[in-house]
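Each of the next two complexes has subunit A plus one more chain, namely subunit B in the first and subunit C in the second.
Moving on, here comes the complex of A and B:
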């Protein structure tokens, strides 16, 4: 170990993959620390479609990926049941979907090890009455809804139990390299305080997803990513109880996932350059709704709460395999790939893990950890598939009805609700802040669903800001945490970003009402930049 | 089948004011509205005009009248009369207004601890206006009421600049009898509790117990009763030992509900009829005239015929105008042309700042008749009032209430003159 090393491995990126790598390293007895530039799961892992894939979507286009998905689907149900709502799923053929695909589908699934079962149409329509009556065939598959924030949270908690540490709001800004070119330390900066810190290490795993190319470049290595932007729409209620997929080669707007109280229609796929480009365009929205109509007639007239986009961590296939070229990002393999930059670019001690799915995060982590552990002389076996995750991922899945039941069990009434749409109580927020005293309102949203319902925060934002402020005044908020006014403004901006692209109908009315409450009644246009008090604004 | 001289569509400030004035002048009026309106969402004050830089409301009106396309550009001469008529209507009631067009626009504290400019306020909020002259501001919160944030507000008021403001700002919270986190407390449920004299006496005593010694003006949540507000307000000042003002917070707005109730009483007392709860579903036309509208009523449709129809449906927030995908805008009752800033981005990035789209609405002529892009009236016997009108950004210019009552007054006067002549 080089002198001054602080940890064996630094993991870059706090999405599902990075969290999985941290856990795997720690469980094998390696010392490890993770740095994430934003909140945990604020990258693609927090902006995805919400589907625990059965793999059936990829049986033809990407059989390796399909096999990975079905295997990991079973593993996650075992180790993280609390993050999964076992909705089941259907593949349905509309009149627009090709016959030959329909004919080949069952055999292709069987070959990949995915159990499918034809479903009689009358049974399908009884279970899913809002589906288009033009649907002409259906298969049942083991899809499910997967909650990303609790999965990442639970994975990180497991890693911590095994001695690892994880830091959010810390961005990687560079590397120190030895004379032979291998990485010796990772340079980081706290994105809120600007404080810089260098972490010496023996190895680095870049799990920066769509940003992995940027990280490689900082280290002097080469990795061309081909981020595919995907946009999705959230509706204010569920239109199906199970996941609905189009029985066709992957296309736009072809999957509907019921998630908690809402459902998500997606996705588009646009090859881009900049993974931070999360703008959802009007064209994308039209395309999604037009395709959604084929599954659920009338869906384009339903209330859309938000639009959002994520960036697929796809790598340039030429780059890793020298394989055939591609023109559509959907045709790039979604299977993951471990890249040893020592062997390839002369930057020893750096590995990138790219591609894959959220569903396969554990497998991706295992593969890269195998490589790193071997290089560091560690031969402990991977145990991440055997040991269940601790809370919160271990309990039963979130269901709004459970929150209601818990509130009623305490004696009825309305408890002390901060967010009426998602039944978030004051106690729940307090617990979340106890666990992470440096949270912004948007961070609280990811752990509690604050502000994610129909009103998109109009009522709960000022209430929650007042809670943050009370904690700051009591000295119970982390010094790096944004003060209440900063948190309020940035949360409102974040909520607005998701409503703007779909600001029509009821949601535009909601936006006007929110503006009226905020600027008209509460005067937020004249709110001081920072809230005052004993340790007023620095 | 009901028939009236005038059918007013919409029960917001503009529709209510117009119907009250018409009914008061002897016209037969039927007011039909889909639902409760922005009275139930807003602060209940009378924002006449407070654009950036205005010293008084009158100055604000002049500034806004100078910008082409603003509703005040064609009505500024009538604002003073409209305000006087509105005040006269409310005088002697619990929602009587204080302040006037020539008073300096004063910064008053909001429930979040920001300052907003105001001049004309309901009596119960009047003490929020300076001059403070050495007095302190005490923010008195109510325990377990999730929409009262006095500590946060006090810290914000301390952090921000408040020229000529209070000598001292403090926050205290009182726990009121029988309230705990289990109650479903919104402003309205609290106001109903305050209406009960026995509970109120104990509540005010609990509030008095937390008032520190000193000369204070006391800001309390806007929950001091619905029916008995005037009495409760007087009682509170006496028990708490200082001028008391209400601070509106999240909806439902108790000051707005009081205003709605009072105006509704006015209309029915003068013989007007009101029906709230049903959408207009059909319009009968005769060329450029509207003969009747149909509303959905309990299990049947109701045909309302009239000489004149006043559209007071309140734009996007009131749901009189609906935006469809692809920026297609629809005025929902008559299908009138809607004007919007179509060439620019509709929204700003900053949720705390104005969005260009807020100026959308219906273009009208000097009689407030809806016009097409060539300036010709689309329907001759329809008038448009309130925030359905194009060309203002009421939140930024703080002119929504002034435009509502002025347009209501202009229309009511001309229609009353006409039915008197007939």
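Moving on, here comes the complex of A and C:
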């Protein structure tokens, strides 16, 4: 390691890809640290559709992606079974879907190595009674539901076991570069305290997803991203037991994914949006519901809990292909791409990894780590597909009934629930706080599902805020953790962000009740910024 | 029709979507009020429902839902229209489907079978029911609580009497739908309380109605309550087969058990998913007897020649009656009897909830639920009441057993008043015996 360097590699971005890179680097014996500007998996990885792709969706439009997906699908089932609910998936042909696509589909899947099986319609409707009776053909594929927060958490924990470190709420604000233009250090700022820190390093991997263009720019390199906004709707309950895909070229509301207690309908695809400004519009909601009707008639009348959007980390294919000399295929894939900014822009020591899927995060990490390790003279093999991730708590694979069964096993009725909708016990929340004492309520939500059910936090937010306050009183809360009043207000604002676009019907009634509790009973509008009198004064 | 109605119809268990978590159901639940074992209707209903589904192990991983007595008070109280008790019952049926049911539950649900076995040996069986040792044995081996309210078998069933009397079991030529009713007697009248059936027929005939009793079986409610849906559907289908023709032709079906009539009106469709035209026709044609008598009175067709009964009687409107959404017709009828003062028990549930209060492991809960009611009934007796009144059989048996005060159906009091009037008129009508 050159003098002054603190680590071999700094990884930028704490989504699935960044976590995967950190793990791979660490397992190859390189010292590495990761910085993420928000919470881990709070970017696209925490705002995606929830599907462990079989690849069948891309067999025609993007065969490379399809192949990557099916291969990684098998790998993840092996190394991270606790983050996967093996729901299986169906591709179903509605009357609006083209006949020729239906005819070509099985062969295209076979070519990509994806196993399909035709499903008799009576069997389909028995398994999925809410599906439209107009569906005229169905194939079974190895899709599944993939839990992103547990996956990222497990990947980071594995990286830590191999000696790496990861820091959240630490944003990259600039780079120090050597005379030859190569990066020498990464400048970061703590987004909560404002404290700045420079990390000297030999190499940098930008795994900043849709934000990778911004990172490249900070380093004086060039990378044009064209982030694709995708909006999704979360329904109050599952409408299907398996993932349901339309048997047609990829379109808007054509996939329904059962995820924990809910199901998610998505997605739209709108290019050129600022990744930080992913607002769900009325038009998108109407389009999603109209398409959803073709799969589940009546779905547009069902209860929607919230709408949210993510930003696809898509790159400008023309720009990248120009520099992609090592790309074997002439066909430009929407699959991932490794960019060596030293070779391309004269910014040595910086690599970007863009594109891809959450499903292929490990493969993406492997490819960029191969490039970085080679440049640093490390020839250790990649072992990330062989070694399983540390197990998350609970069942493996994950199972919908898990929490209910656990509470029953503990004696049922006496469970001390903080979040009643998602069955988050006081103990579960306390454990999460013990692990990460600097968490905001929204951070706790990601790993516990606090506030993710029908009431969207109306009842659990005050309870959880009270827990934070009690911990602060007995000195068990991290100084960077938000004050309970602030935590309560910001969590309420965050929950409202997702319910506002779908404020009709049941969820509107719920919102009024929530407003009554917060503004009326609790008077949250009048809460002081700080709960503690002494602190407020100082 | 609101969306919720549509959702409830199309996706029956999906009415839980309307839950806003407000807790009103928890504040009215009589079971969670007396035991910590039951986490309450919100928890086992709309909350747990989101965690039930196909998956590893069991579709319904919880068992606390089995503590729901099914009284239905939560459903009535829910401001959002969630079918809470119905959701719970379906969940229980899911558990039974997966894990099977106890012999006890299968046995106490099968009232038709019990009556077939018990009636021929009624004197002996009734000794058994009263015998402490036998009941102790029944608790140990079967799990039927030794003090659970069980009514004695009648020596002869209502149906046997009807047959012996050669009374009509089908329409006669020239029947008029406005002057003829179909009597759904239910198992209680058939096997345990045939006198109530005779009282009912007496009153209906006195008011100019011809009563026919076509073939029928247990309504299936005990099977429904115990989650034994396939058995309940068998019963329901046979009843619908027999009754639908009358319903379609405009005849009313009248019952003396608010539980059976509610099964015909609601449960067949809401729980058993029997939503065809037959089920709808029967549901629309079904009346509770007091509801029907009040209707006659509203039209000026009820014989109001009631003789005075100078007594203050505690009246308990059962949960099932309240689920009908027809008010308290018995109170309206009591008001027609000179001197009679009926006092609404103003208590939600007696605890029996069909077979719930019989079960060894539920008996104490059922007693605790009904305790304030029993105290009120006892106090009324101390103040001079000779009996209490209640429209549902298992509730009557529970109140009688736990308070020690004889408890009768409202129409039995009306029948008595009519008879006294006849006696006073010195030309007594023939009493049906």
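Some points to look at:
Just so we're on the same page, the second predicted complex is superposed on the first by the 510 of 538 C-alpha atoms of A that agree within 3 Å, B and C clash if a C-alpha of one lies under 4 Å from a C-alpha of the other, contacts with A are read in each partner's own complex, and residues count from 1 in each chain.
In this section, a contact is a pair of C-beta atoms (placed from the backbone, for glycine too) under 8 Å apart; a residue touches a chain by one contact, two chains touch by 3 or more.
Given the structure is predicted, the values throughout are model-derived calculations rather than measurements.
When the two structures are aligned on the shared chain, A:286 is found in touch with subunit B, with no touch to subunit C.
Of the two partner chains, neither subunit B nor subunit C is touched by A:369. Of the two partner chains placed by superposition, A:226 touches none, neither subunit B nor subunit C. In the superposed model, more residues of subunit A are touched by B than by the other of subunit B and subunit C.
After overlaying the two complexes on the shared chain, residue contacts for A:267 are found with neither subunit B nor subunit C. When the two structures are aligned on the shared chain, A:418 is found in touch with subunit B, with no touch to subunit C. Of the two partner chains, subunit C is the only one touched by A:241; subunit B is not.
Once the two complexes are laid over each other on the shared chain, residue contacts for A:509 go to subunit B and to subunit C alike.
Using the contact criterion defined above for the overlaid structures, shared-chain residue A:459 touches subunit B and also reaches subunit C. In the overlay built on the shared chain, the residue A:489 is in contact with subunit B alone; subunit C does not reach it. Once the two complexes are overlaid on chain A, the subunit A residues touched by subunit B in the first and by subunit C in the second are 412-415, 459, 505, 509, 513. For subunit B in complex with subunit A, the touching residues are 38, 41-43, 110-116, 144, 146-147, 149, 151-152, 155-160, 181-184, 248-251, 253, 315-317, 319, 322-327, 346-347, 349-355, 358, 394-396, 400. Those residues of subunit C lying in contact with subunit A across their complex are 3, 6-7, 10-11, 14, 16-22, 32, 36-40, 42-43, 46-64, 80. Those residues of subunit A whose C-beta lies close enough to touch subunit B in the complex are 282, 285-286, 289, 300, 410-418, 426, 459, 462-463, 465-466, 469-470, 473, 484-485, 489, 492-493, 495-497, 500, 503-505, 508-509, 512-528, 530-533, 536-537. For subunit A in complex with subunit C, the touching residues are 85, 130, 236-238, 241, 261-262, 298, 301-303, 395, 397, 399-405, 407-408, 412-415, 420-421, 423, 453-455, 458-459, 505-506, 509-510, 513.
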